[in-house]
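Each of the two complexes below includes chain A, the first together with chain B, the second together with chain C.
For the complex of A and B:
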């Protein structure tokens, strides 16, 4: 059942305008990051790490939540049209499978985005910054951690997009969540807010690892937030009536 | 026109658009207020610092918020397939006028609240700098002009595609390009309308001491030329949106 739901969700992505944002946002981020790195070589001296901070600073803090929000809102949009809620709730699948399938598809998109960010980062480093070596393995580690942190963001955004019938409002809330995450993270409470987790995982504004020795609490926070959101979605889908 | 606006206000009753207009100033208050000026020298330059930072915050937030407002106004007609029915009951002109008036009114309310929040921040954090009334009014007018221009560009996209996704994508990408253009050479920023908040700003860094991390902000001449261009661009986008609504088959 879950597999069929995933296939249905994947179909929504065919020739979807969502791919524009998928390609354009990391490209702009990489272009600007490389330009800024090359303009400030006297301050940014840690080569691959410095380039990484320039590539991912704004991306991970502000635009990643907005992008994931757009992915999530797009996948729920069809359900909010007409009487489609009645239709899907009458389908022979567990209601939670609908949510789980959407989450898996958003996570797939998120993984693709992270890979694209990495490809652009390596290409810019080799072609424009003139590095002859390859980036350190820790950058791959940051990217994977970013995906773990992004899981909570994706789940929260899917929950918001499920509850709010408007397409645009969850995206705005995603942006606000990212800004709040920036402020909460700067106060040292990063693990208490899901939108901080991606920022922490990506290590976007530090050349030294901000999570050194604290990976376990970070992973526990990711798992905890994910569990809370999944449980909430399950209860809402299975215990409350839909408004079609 | 009054009836059309009344109808739009009735449609907006349970849409909670006012909450969005309120959310933006709250976010600005929290974000701008997070960096509390501490020393006497910082407090003596605090309004300047605030009016320097405000356009950057606007460049991040407002392209997406304008897409949000435009999509809220038109998406309900798309979802409900109401245009065919509406055009038998009211003229296209009055429907467009109602939407444009309500949207512009919401933008005006949001900008007014945002500027009010700046004054509140000054009072709460005890700024000692004399309140810069002229630059303050100029910043408000510039913010309003850019917001209205972005709102009509997003409304145009909504009318073209009948889908909020392109408008929102343009809003998100525009915010990113606008933010980056703020840190590019000034000439680049003239080609990025989403980031016009920054080149229209009347403050600049006049002194930066790298050793003590002390920044002093100073006034720069008002950019009347760009402001006039923004108003013209807003008018062009308004006309284009109206033409799209007038000529589009339903």
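For the complex of A and C:
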């Protein structure tokens, strides 16, 4: 049943404008990060790690939440328009499977985005920063951790986009969440805020690992957020009336 | 005959407002059932409760001989096709892609898509984006989505809404033939009685959340018989005959308005009027509008 829902969700992405966001935002983010790095070479002396701090600062705080919010808002916008809620909810699938399928599709897009960001990071390092070697493996590790943190963000954003019929409002809330994440993270409450989890996972704007020795609580927090959101979505979808 | 849809004291309350009030529907197998009422009467709400899209405040729903519960809902939906509140669909995709999505969700093989496109005459336009479709085409695509997988029960909410006369005609023919062609039972709603008369065998009339009438269309048509007006050359000569037949006619110069009469009585009366030289030049039977039928049904209910 879940598989059928995922196939259906993937089909909805054909010829969809979401791919513009997918390609354009990481390019802006990488360009901005590289420019910042090249402007501050005298203080940024740790080569690949320094470049990473610049690439991830705005990516984790703004671009990533914006992109995941847009993916989530777009997937629900398709249902908010033209009474499609009736269509999907009268289909012989569990409502929760619809939500789970959307989450998995957002996660898929998010993974692609992380890969694209990595490619841009390496390309910028080699082409513009003039590094002749390859980035350290820990960067790949950060990206994977970013996906775990991103799971919580994706789930929260999908829930918001499901409940809020407007396209722009959940994206705005995603941006607020990302910016608030930087503040909450700096106060040491990172595990309590999903957007923080992503930033900490990515080791954003740090050249030493912020999560060193703390990976387990981090993963538990990601799982906790995911569970809370999924349960909320399940209850809402099953117990409330459909408003098309 | 099996009853395909049966509701018992179905209610839906929104705060102080009762949208659906103890509705009892009985839709027999293999018929086209017209669910008629003005806008806001509770038609859509009732239909959504049949599909489990809205949770009833009270009452029960039985579909295809099975109680609708959280557990039975999915197996029942697998045998049900629906079109609720104007056509759905993804505008950036083609009709073919839209139907593929619905087929995937229903678990129906894609080869069924060609069949339903044929039925609704969209085969030629299957690869056009639905955003470019006219309302009538979207409506037909909605029907095609409902028909995927040959469901035993079709629930169609105002499928003729917004169609032009030709489109309505086509939709009517399509739906009327559905039970014979596919064996499906069809529940179809409309706010226009006239639109339904050539399509349905059974009707349920709802107003303010109450069922006012349920039964065969022929029985409803008895209620829809309106006054008869006669245009006479000499109304004065007619008066004694009308009195003798116990009719109180309302006459306005040469036009006489009579209450609804059985055909045999009317024929007899016209013959007598002609014989006495009243000069019958025009006879117009009037059909009551849906509103007037509502009034006559509600006043009967009050009696």
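Following the convention adopted for this analysis, the second predicted complex is superposed on the first by the 244 of 244 C-alpha atoms of A that agree within 3 Å, B and C clash if a C-alpha of one lies under 4 Å from a C-alpha of the other, contacts with A are read in each partner's own complex, and residues count from 1 in each chain.
By definition in this document, a residue touches a chain if its C-beta (ideal position, glycine included) is under 8 Å from a C-beta of that chain, and two chains touch if they have at least 3 such contacts.
It should be emphasised that the depicted structure is a prediction, and the values quoted were computed from it without experimental measurement.
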Superposition on chain A - do chain B and chain C clash or fit: fit
Partner chain(s) touched by A:58 [first = chain B, second = chain C, both, neither]: first
Touching partner for A:206 - first (chain B), second (chain C), both, neither: neither
Partner chain in contact with A:108 - chain B first, chain C second, else both or neither: neither
First, second, both or neither for A:126, with chain B first and chain C second: neither
Partner chain in contact with A:5 - chain B first, chain C second, else both or neither: second
Inter-chain angle, chain B to chain C through the CA centre of chain A, in degrees rounded to a multiple of 10: 80
Partner chain in contact with A:14 - chain B first, chain C second, else both or neither: second
First (chain B), second (chain C), both or neither touched by A:24: first
First, second, both or neither for A:234, with chain B first and chain C second: neither
Which superposed partner A:90 touches (first chain B, second chain C, both, neither): second
CA minimum distance (chain B, chain C), superposed complexes, angstrom: 11
Contacts on chain A seen with chain B and repeated with chain C across the two complexes: 16-17, 81-82
Sites on chain B touched by chain A in the complex: 15, 20, 23, 27, 30-31, 34, 60-61, 64-65, 67-68, 71-72, 75, 79, 163-166, 168-169, 172-173, 175-177, 179-180, 183-184
Residue ranges of chain C in contact with chain A within the complex: 48, 51-55, 70, 74-75, 77-78, 80, 82, 84-93, 97, 100-102, 104-107, 145
Contacting residues of chain A [partner chain C, same complex]: 4-5, 7-8, 11-12, 14-17, 78, 81-84, 86-94, 238-239, 241-242, 244
Residue ranges of chain A touching chain B (in the complex, touch as defined): 16-18, 20-21, 24-25, 28-29, 32, 35-36, 58, 62-63, 66-67, 70, 73-74, 77, 80-82, 166-169, 171-172, 175-176, 179-180, 183, 186
